[in-house]
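Note that the chains take the letters A, B and C in the order they are written out, and that residue 1 is the start of every chain.
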Amino acid sequence: MIKAQSVRKVFGSVTVLDGVDLTVAPGEVVSILGSSGSGKSTLIRCINGLERLDGGSITVDDFDVSKPKELAEARKRSGTVFQMFNLYPHMTALQNVTLAPVEVLKRPKAEAEAEGRALLASVGLADRADAFPSQLSGGQRQRVGICRALAMKPRYLLLDEVTSALDPEMTADVLDILAKLAKEGTTMVFVTHEIEFARTISSRVVFLEKGRLVVDLPTEQFFAADGGLANPRIAQFLSKMRKD
Amino acid sequence: MRIDLSLLVPYLPFMLEGALLTAQVCVLALLGSLIVGALMAVARTSANTLLRRAASIYADLFRNVPFIVQLFFFYYGLPEIGIYIDAFTTGVVALSIAGGAFTSDVIRSGILAIEPGIIEAAQVSGLSKTKVFSKIVLPVALRTSVRPMGSVFINLILTSSILSTITLNELTGTAKIVASDTFKPFEVYVVLLIAYATLTYLVSLLIAALHRRLNRDLGEAVR
Amino acid sequence: MRYTEFTPFDIVLLAQGLGVSVGLFLATTVIGLLIGTLWAVVRFYRVPVLTQVITFVAELLKNSPVLVQLFLVFFGFPAFFHINLGPVEAAVITLSGNTAAFVYVIAVSAIESIGRDQIEAARAFGLTKWQVLRHIIAPQAMAFAIGPLTGLLVNQLQVTSLISVIGVMDLTKIGNILNLRTLKPFIVWAVVGVLYYLAAKLIAYAGATLERRLRAHTAWKGL
């Protein structure tokens, strides 16, 4: 269970997250929607401990991310996929995937590599395992990024606009993989601008506005005329997203 | 005024010995510079203010004081406090410390040039601080540092000639002896000049090749 | 009479040494700037043979130890050309030539930093090559070169310390004398080092100020 309670985050004089409450139970797929600058990335970065909280608390399976000792445990339980991939440039796809299992989980190298290759094969990259990031297309890089997160067998997958840097064709490849993961029951917290996709795979949708979590509804209700859409801001946001 | 180099032929083996000593000194000093430079670069990018301040004072000081002054400081000073080391070791130590000041700059900018997202990816995957540094930060910084490190190495080679002033018979030291033995200083020093220029040219070719090899995986970003 | 303690007169000695170092530095800087710029102009006019010779000599001087260049001039020239050269003259020749080589390289890249199209446009207006150089290239190249030149001069000040090896009474030589007399190497070389350090900082400061002025000036003209 990921539990965020009254989370506050301040940059200088700007309050970026203002009392956010969010709970994600195992098996859920939660989409975070909201216009640019509303604090979606910051929320993800608070959950994986990249930002220090200025108020409230976040626990991942009861491990408090604000406590350095517990953060390590919390981080073992969640995996992050980044918008800009952030692959290690000096390592092959396979090395990117096996680094953390070997160094953090102390898995035997051969085992980690066999699993890494299987993971890469499952996203259609069997023959690219020994390629360096610079030799891969954007879509391929992001698939490696997903494998890198999955290799740690995380209970929660955090994804921040993982298709925003990709062109439509590659976006489809990556979304297919995420849909498959969702179907297999992977728990995901998922920032996206792909509204239709969010609608098909999420169990819940939350909406952030200026650092406040204003709506938190099951997917069907969120998209229902008398549910989320009743909120004029959300209706406006959705129609704008659909137009783009 | 004719240049006659045949007189120097018998001295070639002697000068080659000197060249070998120069090579030894420079390779050791390069390793020393890398170690000192990496430590100082870590200090200069650390969160500890005192450490950061101390490391940047070190870099500033040793870059703005002539090497020969630093060398004399160690060569005449160390015995004073009971440390007796030979000219060779003194030379390597002094070159490493001076080279380290430049190397720390090179590595530091290599570290600062790394995409922060890459380091964050390593952090959230659960790698400890030291692992993030040794597995991600340092290797990436070192690879992009090959070319500027090459300039540092070439400077080490040129600077090592100054070690002849503390009685070390490296390449320049042997040449001095040959010049006074043969009474042909012009010929000897012309040959020496060309020898150093050739040596540094070959080293620069080697560095370019190493850079290409190490960075072939990093793609266009570094080229 | 033999003094082993420091005396007030040592301060005068140090000041004299510093004066010699700074004086020679300034003189060779001016000469080096003139020669180096002249070489760059020769290259700009693409004078055949001469351009190649200059480039070769500059590379040779850049890629060999100054100490060896100094030995070549001080010991080699008199023996080969049958002329008399004192240590100061040899120092002036060597340091000027060395500075010129680096100035040449900086000037060439400064000139090359200016777009071909600008030069061609000016030529199309009927300006002579000299007018283009004088009015179009020189002001821009100056603004471009001032940063690298400052770095060069900070370095060349340190290089002057090598002339102590051929007996010029510069700051380092005074350091040697005091070191031998007082047998207090740490104090002597630390003081000498601090003096060099302060002089280097002064040059860097002057360069930065000049750069700011030049930048402000060109920005103003651009309006």
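Just so it is clear, contacts are C-beta pairs under 8 Å (C-beta built on N, C-alpha and C of every residue); 3 or more make two chains touch, one makes a residue touch a chain.
Computed from a predicted model, the values in this text were never measured in an experiment.
J.: Which chain is in the middle, if each chain's centre is the mean of its C-alpha atoms?
T.: Nearest to the common C-alpha centre lies chain B.
J.: Report back the single chain whose CA centre is most distant from the CA centre of subunit A.
T.: Most remote chain from subunit A, centroid-wise, comes out as C.
J.: Let me have the rounded angstrom distance from the C-alpha centre of subunit A over to the C-alpha centre of subunit B, please.
T.: Taking the mean C-alpha position of each chain, the two centres sit 45 Å apart.
J.: Can you work out the whole-Å distance between the CA centroids of subunit A and subunit C?
T.: Here the centre of subunit C sits 58 Å away from the centre of subunit A.
J.: Can you give the whole-Å distance between the Cα centres of subunit B and subunit C?
T.: About 23 Å separates the centre of subunit B from that of subunit C.
J.: In the complex formed with subunit B, which residues of subunit C make contact?
T.: So the residues of subunit C in touch with subunit B come to 59-60, 63-69, 71-72, 75-77, 79-81, 154, 158-162, 164-165, 172, 175-176, 179, 183-186, 189-190, 192-193, 196-197, 200-201.
J.: Spell out the residues on subunit B that touch subunit C in their complex, using ranges where they run on.
T.: Against subunit C, the touching part of subunit B is residues 1, 61, 64-70, 72-73, 76-77, 80-81, 154, 158-159, 161-162, 164-165, 172, 175-176, 179, 183-190, 192-194, 196-197, 200-201.
J.: Considering the complex alone, what residue numbers of subunit B touch subunit A?
T.: Interface residues on the subunit B side: 115, 117-118, 120-128, 131, 135-136, 139-140, 143, 217-221.
J.: Going by the contact rule set out above, which residues of subunit A touch subunit B in the complex?
T.: 48-50, 72, 75-76, 78-80, 82, 84, 86-90, 92, 99-100, 103-104, 132-135, 148-149, 152
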